[in-house]
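Submitted below is the structure of interest, expressed as structure tokens.
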């Protein structure tokens, strides 16, 4: 077990193969649930890259997710070939992240968070108000064939590939000089600047990477749901991945994976059986945050390390 | 018409400040972005609904007592939340503190649904304060003017407390530098609890005052919190005077905006917030 | 002209009504070892931050190698050869010693935006060398949070050296360390400065160390320069004796 | 002999057992409704009534010899949850038919899922026409008047009010008010060219303070203020309007559902012009009386419009299933259009072109009556769907535009 914690690549590869086999074997219901889960994992991981490694807490990550949705949905509706439309979604998100990011990284900490929030709310409002283009609150539906004509299983495998690809990109970046620099700036911007790194430039690059991955997640979500609504760029979609990141555990690569599984699993099960599921979720969120600041991944790691002492 | 809208805007602005003041106070001292502030507002409104029929109903005095009681109980709930939960994570990252307050939002919403249900509830404006003042052909509701008066009173009281009392000195010290309080030989925990309770008190009172104006339901929390954030951020996090100015500005801008840009209400406030932050970023270094 | 690697003219810094620095001038000759001393609140750290670019002065100019750098951001100055440490230890605490050094070497190599981890591997030997030079090779895989304060100070010095600076600005490089540790670290500092022919400016409270090591000393008090000269001149200066050395006992103990 | 007796007994026993229960799997209705969130109160009344209808259907032998079962899921008044729950309802619960959406976004999200899985969805709360008219979705039955019909019906009524010459409008800035106000304006201008529209204001969705909107509305001295909003926004508008003397200074014409009247109680002044979709107090029939009695007995409350519509449409759907002898959406649509259905709202027929019910709109004036603890709409005018349904040409044009 210890090897899995110490060599995330091995763990990741195993997880990928396992997930692929599960998807191949899963029935329709689980296929649906897992597809959604995988998209959320990618979305949460992109936010985690910002928070845990780049030291930037965004309250408005939904902007790029939502723009991914609309970029895809609008271009598909306009008759662009699907294969191109799925590229346009992330591109729109990346473009927006580049612009918003350039403004946001000028600020630190809570002010950064608040500006990301403002950017997301502006995006949401524009989507909500621009009826002629976006359909306003009625959103967009029926712009692309269900599951992109790949069938539920094919689409699930595509999502898995994108999710794994996204995680791999994050991993590669983190292992490259760029990742080292991003982590440095995230940990101690003053020191990093004294070494010669431009805090803003580095943060901007990280912001754009996170934004484009969120855009990929958004595009997939839109294709999966078969719709696009302004909500997807709204506050709820900014908070949800934040809760996942915290539940999973700050500062870890696999945290968001666990966090998304826990959050989606819990709300899914709870809201099915209990009327007041939000109350229970609230208690869970508070308990985990207070008693296990490193989240569920921290707990798992502790258990594994206890079971197989190092060496 | 412009003048009328400015007055209406000011009335709304003072109300906004009532909500935002607690939020900015809490942030200033304990650096907590309290998402649950709207939930405390909502609690204050529901408690006012609950007490109003039992405390001298219809009278001014009864209403004031009701709102104060609602505020105090809200403050108590806030203090409990601070002591039981928040206190354990002051040393942790700001993000964790924020998430805890998000958890609180979820809990409070369901608690309210359990106790009061999902339907819209209402409490009446006290008879003494119903009616309106007519100027020209324009009407200004007495209740709204009254709330503006109470709001201004709160502003003065807050200002006096911060400016002249020992508590105020501590608050200012703590807002400038969290470590300072410890140096002053005061138990930091008391200050944080006190501030959180006061912030919740303000939220509860604001909720109580807003209760007769509209329907009271479990969605009030989200309705309120966005506006409060806008005010606090535009006013400069932690600054009471800034929040006051920002609240009035937003209120007036919204009211005047209805005249000239009837469809832009939603986006304007956030655009202002973004501009304020961006301008700030250019002045930040040095 | 050219022998001044750094010169600051008429530097003032105001925070509202409070003046942290008032009309401070300071010139560093290439290759000299300069100490800046003064009681608490004299403006030593503020001055260092103005020179390093962490703080913008209200008035005055900073010239590096004949080029005006007053408004230049810290990372740009680092690129021009200023390396610095901070009063409060400033490293990447959740990364290992080796990673810290690696980050510094990446900065020096200018490959910060590269996506190829091979760019990191070519730096391995240089990282090992530097870690060894500051005496940390036995703990190179430890997380910085877990190592001792003195080791962190050494690491910080190593990281600054990695960026290949010509001028070192060290703000209390031994603050909070024991006496023996201090002397060891200063010996190391002087060794590397001499070996590499660097210019050194450091802020220090330990008078013995200052008078032993510095070639010139700048004495500051209440935001301005009180005196400047070689150790003998300074120890003979009656103003310094009166205002500074009289307080030195109190100042010695304090680290903040 | 003994053997024969034995067989006979078993046979009788078996027939008794099967006769009392149902022959095959139940017909499963997936109720995917906004039980929590902003639509909660509306779906609550709707669900209660739907349950009553299902019980009645089962008590009278079920449908096609099968029992009818309701499986409820909460779509939380948000479209992503609606999409997910609608899918799970079909895939996991094996729902045969869907119902329950409330807001436009949830309805449209559900409609897309229904189309994807080829199941019929019927809607008895929401009013958007986008799914069945604009997108030509053949899997959505709209059982209440859509916003186009409603806007026109309101214009028909307004046209008869000769004193209404200057009209100011207020609508929350989203689909339903936009469409309704647009249609109202357009149609009223055709009917009454002399009517003048003065100020119009658009508070954002979720607005709770109308203090800065009401004075602007009143500024141009309109004869009537036409307000399109729902739920807490409506009650806030009316409460705050009172403090601004709105009801003394002008007439107000606004959405006044039974839920709102109950929630506002005596806080809503008399003399407010209001419209609603299926008021229990406004339709006198034995069927209505018995339903209201049943509802009151079960829930100690009068049914909302959403309850009436929920019960009515469930019964209409039951009739269609019987007629079609199938659950196939296309056959059900044929049956809905073919069926002569008379329910709580009287006769409601269905147009096959866009699967739209010719549903009525009721317009009246608020008044306190001894019968109820809250004011009701009196002097009710019923405007039937037939009068205001968009023509086939219009439908074709809208469909072309949506492409």
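The letters A, B, C and D name the chains in turn, as written, and every chain counts its residues from 1.
By definition in this document, contacts are C-beta pairs under 8 Å (C-beta built on N, C-alpha and C of every residue); 3 or more make two chains touch, one makes a residue touch a chain.
Predicted model only: the values in this text are computed from it and were never measured.
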item	value
Shortest walk length in steps over touching chains, chain B through to chain D	1
Shortest chain-hopping distance from chain C out to chain D	2
Greatest separation from chain A - chain, by CA centre	C
Selected pair, greater C-beta contact count between A-B and A-D	A-B
Central chain (distance from its CA mean to the mean of all protein CA atoms)	A
Inter-chain centre distance, chain B versus chain C - centres from mean C-alpha coordinates, in Å	47
Centroid spacing, where centroids are CA-atom means, of chain A and chain D in whole angstrom	38
Averaged-CA centre spacing for the pair chain B and chain A, given as whole angstrom	32
Computed distance of Cα centres, chain C from chain A, in Å	41
Set of chain A residues in contact with two or more other chains	128-129, 278
Shared-contact residues (touching 2 or more other chains) in chain D	36, 173
Multi-partner residues of chain C (each touching 2 or more other chains)	none
Touching residues (chain side chain C, partner chain A) in the complex	52, 54, 73-76, 78-79, 83-84, 86, 90-95, 99, 102-104, 106-108, 111-117, 119-120, 159-160, 162-163
Complex interface listing, chain A residues touching chain D	28-29, 32, 36, 128-129, 131, 135-139, 141-142, 146, 225-227, 229, 231-232, 236, 271-272, 275, 278
Footprint of chain D on chain B - complex, ascending	1, 4-5, 8-9, 11-12, 15, 113, 118-120, 122, 124-125, 130-132, 134, 138-139, 141-144, 212-215, 217, 219-220, 222-223, 251, 254-255, 258-259, 262-263, 265-266
Partner chain A, residues of chain B touching it in the complex	31, 33, 85, 88-89, 92-96, 99-100, 102-111, 113-114, 222, 226, 229, 233, 237, 263, 266-267, 270-271, 273-274, 277-278, 280-282, 284
Chain D to chain B touching residues, read off their complex	36-38, 40-41, 44, 173, 200-204, 206-209, 211-213, 215-216, 219, 231-232, 235-236, 239-240, 243-245, 249, 263-265, 267
